[in-house]
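Structures follow.
Consider the two complexes below, in which chain A is the common component and chain B and chain C are the respective partners.
For the complex of A and B:
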């Protein structure tokens, strides 16, 4: 008697020829070396994104994206909907952990120079997804329409408004008017649940396709350490099962965070109330916010804030295009400059985030 | 000091020197009296004339010269009749000079001009060229007398008429303060102060007693003696002075009592300008102690609902028949303390028990006991609900709806306290039941939240156990697979 799952597999295989895919997965190997741990952060990021999609869809069943109802609808989710508190808290915590995991994944790729030829497109799509993740965070932060999110959005869009040349167009486009209002909320809701997920899905598809097609990059120099067959492990089932194990741990961590530190809702936003003291953006924007605070109002003839935005813009662009200007790594040579630059960036982000948190 | 003031001062001083050093008869007065001139006749009774100050003290000129041309020659310092604010400056040349006033044997204060100029009367008149009032506006010009002199326009018995000269003139007052009433004198004459004043009592309050004399400010000005927070101390200047009030046979501890009362604390300590001051109950210009009938009207002007409920209550008739003041009987007058629940009921400290006893008035006694029981139940129920809401909040639970409902429970308790004044147990029970119902719902919701908090922890423990079991199983599966793979690889190598 052929088992049911085997018969189901055969049924599908007859129609879409699964054999090729299974053969491909069976021949796929993951390099094993002392930096292998960092490979898992790509998978963790993917898992957290999937949680975001699932919890986001569940929240959508009750969330109402309007100035009058958004706060109340989340209040309803938190207090009346069965397990609504859990879904909302997990969504909020996952949002933060997703950006943290994506950041670790990005820097691990950066330090291993895994962006080098032939994986330039994988890096590009990854970076664009990272920027989109920041967009997800910024737009999602406003959706509860509470006091903190309202004023943080006001400050955030103010900063967008000082971008040279396009700032004057970007700010009203983001706000849907001159001020942060119900129009901004509708807009951010649209970006958060339709525009960003749509674009993100395309980049994620390309990114995963490229990873499967090209396999995982080996850091420069690690190949010399071994040379026999034990330096790789099968993607299926070894790596995938390890991934699943880590995902389970992350899931448990999320449950603990949601139960012990439920995400607060705060007070409903009042556009006519004065801004409360100590308004700060989400932690992943804190280093930018803190830097802008330290830049003098005027540097020679240039506005300090404009200069800061320009510098961060240029830094972001250079990071995005690193596979194209780091020729040395592409040639397989060790590039210590990139390593030192990466260390500087990481220390800068950590230092200024702590400063922003403490000061 | 400005040039004109220097000039005036010199004139006055020269005039005094002339009069003092020469000791000659004042030629100005001789001539003007001879002509039947009214000012000169009045001046003979003027306090300044009696002190030896001649006409030239204010008008300049040479009082020793018999010839008009010489006596009234500008070269001799003659200035004629001072106009506008120069009048006040002329007076201040002596009255603001303490050394000179001492030499003249006066102990009057010397800050009158400063006080007048900073007062409401020191503002510019509609002409814009001079101030609203000058010294002569109230004191007169040539017949100035001491304030205590019954003939002085600012003596206690005359000052009301003097003030009314402008303040009762609607056409005049409209030019400066159209919203200010012009019936103060009429009201004053109906007051205890006014009627006694009319009978010649110089000790009772007149305009200057409350508003001040030179330093009068608008009642809206915090510096004014009749600004709400200053009124109690202004009234107590007389009413708190036992020696001064001895002949009137009324208590003098009102201020002391009021300061401790719920109204006094609100007004004097918290600065709540909406809280009543003395005049809120007694009236201001028409001040009188509220009578038995009117006391509830006075209290009811703010506590309207309580007054309405009382008027429709069975107590109304009984109080009227017993000649008892309505609100005052239970709450007192000047020393009204915050009405706590202790006032209600049948305990010795409750006011109800002063009249109601189980033997003499069992119905009222039972009603008072029931209302107190319900009030206590309401309070404890609300307290329990608030404590549960607070516990749920501290545990990080979303409890805003129950918290909002808690306000309704508090509101019902406040309504019940008001409903006491209907002295109707049925009506009281209705309100109390509503409050107890809301507090009960809040308690249930808050308790559910607290229970949910513990349920979440148990749920997390169960989820962690399941996830851990799955993770351990997965780990063992990976190990088994890899052991098998290594064995196969080993066989492969050997073959």
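For the complex of A and C:
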């Protein structure tokens, strides 16, 4: 008697020829070297994204997206729905850890110059997903409709409004009117649960496909060392099991955070109350926020905020396009400038984040 | 098909079809995209023109304090200085749209978002705000305080 799973496999194999795929997975190897640790952060990001999808869908069962109801519906989730506090806390914590994991993943790829030819498209889709992740964070932040998120959204969308040329069109598009209101909440809700996930899924599909197709990038400078092949480890099951173990650890960490540091809901937004003292954006926007505080109102003829947004916009664009201007790494040469630039960016972000935290 | 047709005739026929099809495609895209873009542009809500509102009574606002009042669909700030003078301004920070507040300890109007400061005449004196707050006129009728944007 053939076991059931074997018969099921044969049934599918007969129709879609699974053999090739299984063969491919069996031959997949992951290089082992002193920087191998960083390979795990892509997987962790993926795991956290899956948690966001699951908990997000669960929250959708009770959440009501309107000016009058959203704050109350989250209060309801957190106080009345069984395990509602847990689901909401995990969703909020995971959002933050996701951005952190994606950042670590991005900078490790940056420092290893793994974006170099032939992986430009993997980098590009990864960066676009990172920008989308920031969009997820920004739009999701408003959904509880509390005091902090209300003013964060006012500031954030106002910044979009000062973008030269298109700003005047972008701001009402984001706000659904001239002011941050219930219309903004509706739009952000739509972005958060439909638009962004749809686009994200496409990029994620391409990203993962490319990683499978091209395999893991190996650090530069191996040819220099006499062409010694790296030690490798089979992806299946060795690397995958390590991945899963790490995912389990991350899930435990999340449970601890969600239980012992439950996410606060704050006070309901009141459009006719002053911005509360000590208002700060989420930590991943803090370095931008802190920079905006230091730029004077007018620099020469340019408004300070226009200058700030232009600088960050250009920096983001340069980072997005790094595989196309860092020709040296693509030729297999070491590019120290990129390393120093990366160190500067990381130090800037950490420095200004701490500054924003304490000041 | 007539095989002996002039090549140039066939070429111009092909060009003609290219323009018709290309133009048709372009028109079709426009017909799809334009309504979507127009739909995304929020309609202008006709709001009642506000020129003055009752902001409260003298009892409501002690000396050396400030309060946010509704002015149409925007917030305004009403301040009573330590000397008892009443002042009113639009409460929207000229930097990035936050709502300002009166700070007793500083004797200033302060924005919590990016530490912008205005003096009690609404002038931007410190931090990132690029412009002063717009002043509103305060009218006292008996005990009632009104604010107005009419000069």
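Following the convention adopted for this analysis, the second predicted complex is superposed on the first by the 349 of 359 C-alpha atoms of A that agree within 3 Å, B and C clash if a C-alpha of one lies under 4 Å from a C-alpha of the other, contacts with A are read in each partner's own complex, and residues count from 1 in each chain.
The rule is short, and it goes like this: a residue touches a chain if its C-beta (ideal position, glycine included) is under 8 Å from a C-beta of that chain, and two chains touch if they have at least 3 such contacts.
What you see is a predicted model; the values in this text were computed from it and never measured.
Novice: Following superposition onto chain A, is the placement of chain B relative to chain C best described as a clash or a fit?
Specialist: fit
Novice: Quick check for you: in the superposed arrangement, does A:295 touch first (chain B), second (chain C), both or neither?
Specialist: Only chain C; A:295 stays clear of chain B.
Novice: Quick one: classify A:154 as touching chain B (first), chain C (second), both or neither.
Specialist: Touch status of A:154: second partner only.
Novice: Quick check on the superposed pair: does A:275 touch chain B, chain C, both, or neither? Answer first, second, both or neither.
Specialist: second
Novice: Between chain B (first) and chain C (second), which, if any, makes contact with A:328: first, second, both or neither?
Specialist: neither
Novice: Once the shared chain is lined up, is A:64 touching chain B (first), chain C (second), both, or neither of them?
Specialist: neither
Novice: By the touch definition at the top of the document, which applies to A:35: first (chain B), second (chain C), both, or neither?
Specialist: It touches nothing on chain B or chain C.
Novice: Go through the superposed model and pick first if A:177 touches only chain B, second if only chain C, both, or neither.
Specialist: second
Novice: By residue count, is chain A touched more by chain B or by chain C?
Specialist: C
Novice: Could you work out the angle between chain B and chain C as seen from chain A, using CA centres and rounding to the nearest 10 degrees?
Specialist: In the superposed arrangement it comes to 40 degrees.
Novice: Taking the superposed arrangement, what is the smallest distance in Å from a C-alpha atom of chain B to one of chain C?
Specialist: Result, nearest C-alpha distance in the overlay: 8 Å.
Novice: Kindly list the residues of chain A that each of chain B and chain C touches, one partner per complex.
Specialist: none
Novice: Touching chain A in the complex: which residues of chain B?
Specialist: Residue list for chain B touching chain A: 396-401, 449, 456-457, 459-460, 463-464, 467-468, 470-471, 474-475, 477-478, 481-482, 485, 489.
Novice: Could you list, by residue number, the parts of chain C that touch chain A in their complex?
Specialist: Per the stated touch rule, the residues are 40-42, 45, 68-70, 73-75, 77, 91, 93, 95-101, 111-115, 124, 127-130.
Novice: Can you name the residues of chain A that touch chain C in the complex?
Specialist: My answer: residues 151, 154-155, 157-159, 172-173, 175-177, 179-180, 183, 271-279, 289, 292-293, 295-298, 303-305.
Novice: What part of chain A is in contact with chain B in the complex they form?
Specialist: It is residues 75, 78-79, 85-86, 229, 234, 237-238, 241-242, 244-245, 248-249, 251-252, 255-256, 259, 261-262, 264-265 of chain A that touch chain B.
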